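Handing you this structure, nothing more for now.
Just so it is clear, A, B, C and D label the chains in written order, and each chain counts residues from 1 on its own.
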Amino acid sequence: MIIVMQPDAGDSDIAAVEAKIRAHGLDVHVSRGTERTLIGAIGDERKLDPEMFDPMPGVERSLHILKPYKLVAREWHKASTIVDVRGARIGGSDVQIIAGPCSVETDSQMHAAAAGVATAGARLMRGGAFKPRTSPYAFQGKGVEGLAMLKNAAARYNLPIVTELMDVRMLDTFLEHDVDVIQIGTRNMQNFDLLKEVGKVNVPVILKRGMSATISEWLMAAEYIAAGGNHRIMLCERGIRTFETAYRNVLDVTAVAVLKKETHLPVIVDPSHAGGKAWMVPALSCAAIAAGADALLIEVHPCPTEAWCDADQALSIDEFGGLMQRLRALTQAMGRALSRPNTERHLETIA
Amino acid sequence: MIIVMQPDAGDSDIAAVEAKIRAHGLDVHVSRGTERTLIGAIGDERKLDPEMFDPMPGVERSLHILKPYKLVAREWHKASTIVDVRGARIGGSDVQIIAGPCSVETDSQMHAAAAGVATAGARLMRGGAFKPRTSPYAFQGKGVEGLAMLKNAAARYNLPIVTELMDVRMLDTFLEHDVDVIQIGTRNMQNFDLLKEVGKVNVPVILKRGMSATISEWLMAAEYIAAGGNHRIMLCERGIRTFETAYRNVLDVTAVAVLKKETHLPVIVDPSHAGGKAWMVPALSCAAIAAGADALLIEVHPCPTEAWCDADQALSIDEFGGLMQRLRALTQAMGRALSRPNTERHLETIA
Amino acid sequence: MIIVMQPDAGDSDIAAVEAKIRAHGLDVHVSRGTERTLIGAIGDERKLDPEMFDPMPGVERSLHILKPYKLVAREWHKASTIVDVRGARIGGSDVQIIAGPCSVETDSQMHAAAAGVATAGARLMRGGAFKPRTSPYAFQGKGVEGLAMLKNAAARYNLPIVTELMDVRMLDTFLEHDVDVIQIGTRNMQNFDLLKEVGKVNVPVILKRGMSATISEWLMAAEYIAAGGNHRIMLCERGIRTFETAYRNVLDVTAVAVLKKETHLPVIVDPSHAGGKAWMVPALSCAAIAAGADALLIEVHPCPTEAWCDADQALSIDEFGGLMQRLRALTQAMGRALSRPNTERHLETIA
Amino acid sequence: MIIVMQPDAGDSDIAAVEAKIRAHGLDVHVSRGTERTLIGAIGDERKLDPEMFDPMPGVERSLHILKPYKLVAREWHKASTIVDVRGARIGGSDVQIIAGPCSVETDSQMHAAAAGVATAGARLMRGGAFKPRTSPYAFQGKGVEGLAMLKNAAARYNLPIVTELMDVRMLDTFLEHDVDVIQIGTRNMQNFDLLKEVGKVNVPVILKRGMSATISEWLMAAEYIAAGGNHRIMLCERGIRTFETAYRNVLDVTAVAVLKKETHLPVIVDPSHAGGKAWMVPALSCAAIAAGADALLIEVHPCPTEAWCDADQALSIDEFGGLMQRLRALTQAMGRALSRPNTERHLETIA
């Protein structure tokens, strides 16, 4: 950490800052420039915080030199983490597609969805049983019953399931229902008690980016999970909030490139929530993979116009099939492969 | 709701939209213009959502005409709500000041803080026992012990307490400790399960604005609480996230004026988190009251440079006393009054 | 346009709105709903503006139904515009690469740059002679002399040139120097006098998006140029300003997809300014093409670390060559082609 | 400037950075920490830029310690600048009100406006003769004729005039018409050629903040003007662009407080453009003054509903009169005074 002193800071001001740094067990290095004196703290600066120094007399401002995250940082863990979800490997050379409806509605809807996405090549299935809705009067999800419906439909095609956990009190229920991947949604990215609890279980977690979360805040949220002992974390970019009103969110592909450099964790992109319209999904899916995403999370519904939520952003099964073909060509051009469905395995399961 | 059809939409497309509107129990009104046909839904459009119509063939887009909130809307409840917290009335002609440290640290810190803020004229005391911290390695609050310390210190001066609830599992503990006002923090503004639970209790709630929450989303979060039966809700503006990096947040005073028009609920401003620096607090406090805020939530610490968190934004007790004098003149000029401390009452309490 | 009346609007309020609409030559359609009366204006609503109605008694708000742009809208001009710059066609099935240094520095730098980018396959050359710099103390560009240096270097390889016009008084000089494509920079997107002037000349224009310009404002800026008679306009996305500080701008790939739907004009992406770091350029270039961009504008310098401006975002000629190979595979996978350099032609030129 | 080296940077990398710093005439100070080596540049770091070092081998990132502006910085010019516009002093203890219509329309409109604002206590008059409009089809202002109409109407009440300059070619015309204060609008804040030209004349300038300009960029734009020799600069906050759609802009009152600390230049607020609605103007005006603004720029029209532009944000003369009374009480409570109209003087003028 560097503490920048005001031009008129006196020796006693400098001494007080030095004493505070040493009190935290770090060493001090003072550099007197022509316009400012700088005080450097030598040692593990993660013990310090600018707010400790900024209110002290004579201090102009102070700044971290190191990134605040450690367990999730590539600097400290060079090799890319690959999260293996019952054989579907995310974060390696294969690109994985996770697909399914926004919300679990009925058994028949879920079976049609599972059949459709599995046939088109998705390796995991998504579906929401608990839905975070802006309005208290909107459909809030099928709840526990929905978890069973999702698990049941996905099992026929040997698809691991991904579903959102909103309430820390439901975690045990998620474990009982063998949820394969717990999704932490955008609105809960900094629900720290929830992060701490999923940090204690041995289930992969997809951590979505908050609507206006910086890369640093996002990685610190992941650090909460990692600090609890759960290192099977995947980050999911889903569009950020900006001034633009022509579309719901702005898909931040730069974040994909930056995350691949800053962290060893896999990076997923959700092109469906990013744009908010089904017709944008193909372009955003391609852009995400071209930017380096390890997996996509795509909303697919057997009958989009009848979907109970997010009807305008779900692809039909046919549209999804067409997109998968485009993605196959693209991943190949990028030197990666789109994971092929294990037809033999799920046929066996059905038989 | 208005559904705008594409220029080339056919009669069958229009008929399908009409049928869907009628299926939800609303009436239909078609208006054929020179460039577009518009379909109006007559009735309670809150049953409809753009996403129901946007994916239909021939639809260009659809838009709500009414605001989505109802219980919290001034349109449906003209009189301003006054929340009475053990005699301190928020939302009426008096302006109230809520003050205290960012986090509960020690008994002596809390007693000094309580004495200081009560003497200067604050009518309620704030203090965090559970702290939402960006880093898992930072001080997370004193927890339950902190609740008791806060209650104890505040009681000597007859100050009702305001403290943040982060985890739904702690609600009963808050009730047992007689928390007077439950604060829902910025990061939990859309933690819908938490909102539902505080909607069921009979304790006033301060709902802070999410970092990039629109007015509409914020009022819908309040609607969640109101829908549960708890109507003692206060909204707290605490700065929004923008592109500017010279200060932590941008205090949105326009929101104060807009909220006073849109909702009957009291509006509070937190000038401490907004700017993030103690020296900005006086200017932002004055601006907030001038814009029409009903109360302020100010961080005050007996020794700011030694505070365990947010040290750079807390006022000292002296600074707070000085600010109170400025605010007294200002509220008067605005035709309101700064609530005076009930010296008699708390002297009795002490005696 | 739809005018939404307040719940308590009287008949005379409605009559006044009707009269104002008719005074502008449009017809009126009134629809009385259960909670609001809506007044529709039938005819060319581009003559009306919400601000005409919003201050009238009884009006709640008014909203446009149609997009404000017309000449640049795909709705009125279905076929994609292809801008032909001396044989390099932008907006068709080929993807074009425009490359060169941020600023023109010396003859030898320009010749090395021209040779490098032409050999790697760029079909146009960029270079700034007039530089918009945040600081008045920074290098402001070589000026007119730079124009000649750019033209001269590019001519050896038969590369049309792209360069930024900042000052309307320099337009004639640009025409005298046979600038092939005039670039209007981010900071001048709404410099309306400049837009009007380039609207009168017969030279292709690249219009960069303002730092926080909406799609609608951007297209209206293009409409200014088109309204003057110059229809050879290309739009260039270069990253938008958001809350994120880990990178300079957020490349908005959603804008690419949306523009391809909303307008018939070609869409270019500048991956160099978007990220602000050379190492991000390959990922962002791939993402841009995958999202549907018609061309890329890439900073390339013979010796990036010695560049006089934007040194941290320029690719070396080797890096650029490597990127071109990746882009070739990618464009093919997307069903398009990366335009090949016309080796024969420029060899002739040299000979 | 501090250059942070990568953990694995070698001695030759460090030596290269040192050499580059020395080549620019600064001294070097190396500090080897436990995780990073830092290289400090001692001397006038304004000669250096992060982009010079960031692309060098072994460099992680580099950062400025000093602010980039100097002439406009309070650090180098402690006393507040007071801009005297024909006797109306802006930046001192008096608060000044500048009022008038958005655009100059007719002689009778201008005379009514001048009479109204002068009577209510405004000391300067605003009015736009050249209007920056989003649409090329909208009213673009009366042009030169409008300048004369504004000057003429204002002269009767001895009001200095404030009007916007958009096109550098019109500067001489502005000087011929004795424009008292040149306004540089939001969209031209970084029109550097325009800034350079107004830097050469001896006329006060109001520099509006760009829609998403940071404080630093804004002050650097002011530095452009000051560097040319014109030090009579006033900064005008007019709302920034954010994610919020319930109002046009977010008035940034924090900027007012920060500017008063960072610069010696007067700070003006435009509450009319900030909110975009007349009913918001009183609350925002009060908030601006409470935050410390030196002057307000308010839109007033003799008949707002008939205004040719921005009709929904102009106050009527009666509303303006009422607001002036509130502002008088408020400025007094803030320890300042609202400048009273010099009735004697303008009566003489009329006589």
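In this section, contacts are C-beta pairs under 8 Å (C-beta built on N, C-alpha and C of every residue); 3 or more make two chains touch, one makes a residue touch a chain.
A quick note: this is a predicted structure, and the numbers were derived from the prediction, not measured.
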{"item": "Chains touching both chain B and chain C", "value": "A, D"}
{"item": "Chain whose average C-alpha position is farthest from chain B's own", "value": "C"}
{"item": "Distance from the mean Cα position of chain D to that of chain B, given in whole angstrom", "value": "32"}
{"item": "Centre-to-centre distance between chain D and chain A (centres being mean Cα positions), rounded to whole Å", "value": "41"}
{"item": "Whole-Å gap separating chain C and chain D, where each centre is the average of the chain's CA atoms", "value": "28"}
{"item": "In chain D, residues with contacts to at least two other chains", "value": "212, 241-243, 245"}
{"item": "Contact footprint of chain D on chain A as seen in their complex", "value": "2, 4, 7, 29, 31, 33-36, 38, 40, 42-44, 63, 65-66, 75, 212, 241-243, 245"}
{"item": "Chain A to chain C touching residues, read off their complex", "value": "212, 214-216, 239-240, 242-247, 249-258, 261, 274-275, 279-280, 283-284, 286-292, 329-330, 332-334"}
{"item": "Contact set on chain B toward chain A in their complex", "value": "46, 49-52, 54-56, 68, 132-138, 140, 166-169, 187-188, 190-193, 196, 210-212, 217, 220, 223-224, 227, 241, 277-278, 304-305, 309-314"}
